[in-house]
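In structure tokens below, several structures.
In what follows, subunit A forms one complex with subunit B and a second complex with subunit C.
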Partner chain A sequence: MKLLTANFISCAVKACKSSSLSFPLHFKDAELASKSVPYNPLLLSNLLPRLDWPALVTSSKELGFTLPDTKPELPRLSATAAAAATTTSDGDMNMDSGVGEEDEKTLRMLHKVLMETEVVEGKMSKNNL
Partner chain B sequence: MTSTPALPPGTPLKLPTPSTSHITSQPVYPPSEDSYLLLDAFSLPSEIAFISSRLPAGTPSPLLVEIGTGSGIVSAFLAAHAGVLFGRQDVITMGLDVSYTANTVTSTTISNTCSEHPETSATFLDCMTSDLTSCLKPNCVDILVFNPPYVPTSEHPSLSTLRDGKQQKVIVNSKSREDYDMEDYLFSLTYAGGDKGMETTDRLLDQLHEVLSERGVLYLLLCAGNRPPEVLGRVTAMESGWKMERVIERRAGGEILSIWRIYR
Partner chain C sequence: MAAYEDQHVHQVYDKIASHFSATRYKPWPIVHEFLTTLPPGSVGIDVGCGNGKYLNINPNVFIVGSDRCENLVKIAKDQAPTQDVATADILSQPHRPSSFDFALSIAVIHHLSSPERRVEAIASILELLKPAGEGKALLYVWALEQKNSRRGWDENSEQDVLVPWVLTKQFKEPSKKKKIGDSTESESTSGPSTENTETSADNEESKPFLRYYHLYKQGELEDNVKSAGGNVLNSGYEKDNWWAIVERTT
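For the complex of A and B:
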């Protein structure tokens, strides 16, 4: 399971849905693998608004990644930039979007944590005891 | 907005159909007339225009979820051709099925198909074992696809067999009596819809307001035995102004199948 997926799932028991404990679920005994995924800055920049950042920080910490406490602010990559994007043979997107060096670092970090980190074994549970 | 528009004009685009040749003897619903009707529904130029206007490029990345993926052919098609069908590739997709075997097979179908179409494919996240969308947090799905167990049957198989606390295993090349029984049971789950074939679909409609995002759309397959006019009456009577419109209809063998879009 990708770390990004954990940002969308909660306890499946209906009676739990309204409880604050139902989300995020907590990883236990997680075994990680890194999977190479094409870098897609447009996706990351359009995903950011819909991420629950505090939950992502919690999940990441459980897997050994440290994210900033507050959601990074990134310039929204424009449709023009997206249109100018070309796809290379390995599927990476080349963007001439004028993204600054700092933003680029943030995007690369998000890419690694959200897209390329896979929990291949482990448990997810409601409480963090 | 009329509730039962005439069939949209135009012919579906001809996009490559995903291969499911890696499925050998796993007990999953094989690609069938209903699966192909879903592919055609999403390939109609009018439907492509509808989705692009609901989820325009530049808005937050849409989450696409299919319930009951079976072989994975529908999810694989939508994920691999997202750039064409939705006008954007920054779409994330998940597959949900009560069968762990179906989820395993679907992951392969989607990954294989997406890797064949890197220039149009969305980002596939995961397949998860779930009853309907119970594992998702509320109101996060933007495109929901459901080809339900729609056949009217006198009995509706209970999910309790899967909820006995034991972890499911992948069923393939069954040899034991226990595995054969599980195969029969899993196949019954793929089609048996109980009363009017609507027992599972009704459960989803009951919770739809908690599943879809504000901009979300459900694509639902119905057969004539489900009595679509009754379903339409029910959906349009639900709170907060739901619309239900027919996207495509086709006679397939002894059945008349139709795909409907349901949204606020």
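For the complex of A and C:
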């Protein structure tokens, strides 16, 4: 499971859904793997506003990543800007001209943490005791 | 009800997963359009994603697919490295309520075996969507009215049916192989209603797998959506199926 997915996973038990404990769930005995997938800044920059950042910070910490406490401010790339971008042989979207250096760094970091970090084994539970 | 579905839906899909997946690769046009017109960065769920054939249609959206059948989930996960997949039941989905821009549920709700469970399934999808105007779902179910299909059902046919699936030789488990010298070759009992991908060309087992379906009558899907507390934005008929694009009422 991707770390991104953890931001949309809650307890499956209906009676628990309204409880604040049901989200985010906490990782236990997580085994991680890095899985290379194409870099897509169009997806990432538009995904960012949809994330529950505090929950992501919590999940990341449990897996050994440190994210900034506040959600990074990034320009939302448009589909037309992306259409002008080239694609590398790895399937990465190359947007060098459209994104500043700092933003590009942030996007690459988000890509690595959200899209390429896979929890391959482990448990998720409502309390982190 | 749940036990019945376990026998006549879940166990069957687990057995036929590879063969079923090999016959499911063409995206349906309305599903394709629904997915490709979503804004970049949209986050959605594909409830009953099967082999994951809809997960890669639009690379600029993120989808968490789920299916009750673990063998199909494995196939989907391999097929869609940029998306994610989970094993989950439609009636208890491990997702955060009110958090998704879109949802798909293609050819799933018709596998639930009572009107109450079908309505509950739709309600469980609606509650995961963002409020009206922000989140929408596309639902597909098999139609009763399909006189011109090879099944030949029409509006007077029985709505609750068991539909056979016959595994062709290459997809059978080696352990199920017929013993040498066993000459009982029987024709499939599935009759004229067998889909052409479900041939009995080399039928080593006389019993096909039977999947339960509730075939939807015209208007029934829309009625179910209303009972589930949803609002129908658009609906129609495409190739032996009824479909509806729906949202929450609140």
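Observations
Keep in mind that, in the parts below, the second predicted complex is superposed on the first by the 127 of 129 C-alpha atoms of A that agree within 3 Å, B and C clash if a C-alpha of one lies under 4 Å from a C-alpha of the other, contacts with A are read in each partner's own complex, and residues count from 1 in each chain.
In the analysis below, contacts are C-beta pairs under 8 Å (C-beta built on N, C-alpha and C of every residue); 3 or more make two chains touch, one makes a residue touch a chain.
Predicted model, so just to flag it, every value in this text is computed and none were measured.
Superimposing the complexes on subunit A yields a three-chain arrangement in which subunit B and subunit C clash.
When the two structures are aligned on the shared chain, A:35 is found in touch with subunit C, with no touch to subunit B. Of the two partner chains, neither subunit B nor subunit C is touched by A:27. Of the two partner chains placed around the shared chain by superposition, subunit B and subunit C are both touched by A:17.
The residues of subunit A shared by its contacts with subunit B and with subunit C are 1-2, 4-5, 8-10, 12, 14, 17, 23, 37-38, 40, 42-43, 46-47, 49-50, 76, 78-79, 82, 115.
In the complex of the two chains, the subunit A residues touching subunit C come out as 1-2, 4-5, 8-14, 17, 23, 35, 37-38, 40, 42-50, 52, 76-79, 82, 115. Subunit A meets subunit B in the complex at residues 1-2, 4-5, 8-10, 12, 14, 17, 22-23, 37-38, 40, 42-43, 46-47, 49-50, 76, 78-79, 82, 87, 91, 115. Contact residues on subunit C toward subunit A in their complex (touch as defined above): 39-43, 59-62, 64, 81-82, 84, 86, 88, 92-97, 99-101. Interface residues of subunit B, counted against subunit A in their complex, comprise 57-61, 63, 89-90, 92, 94, 118-119, 123, 125-126, 128, 130-131, 134-138, 140, 210.
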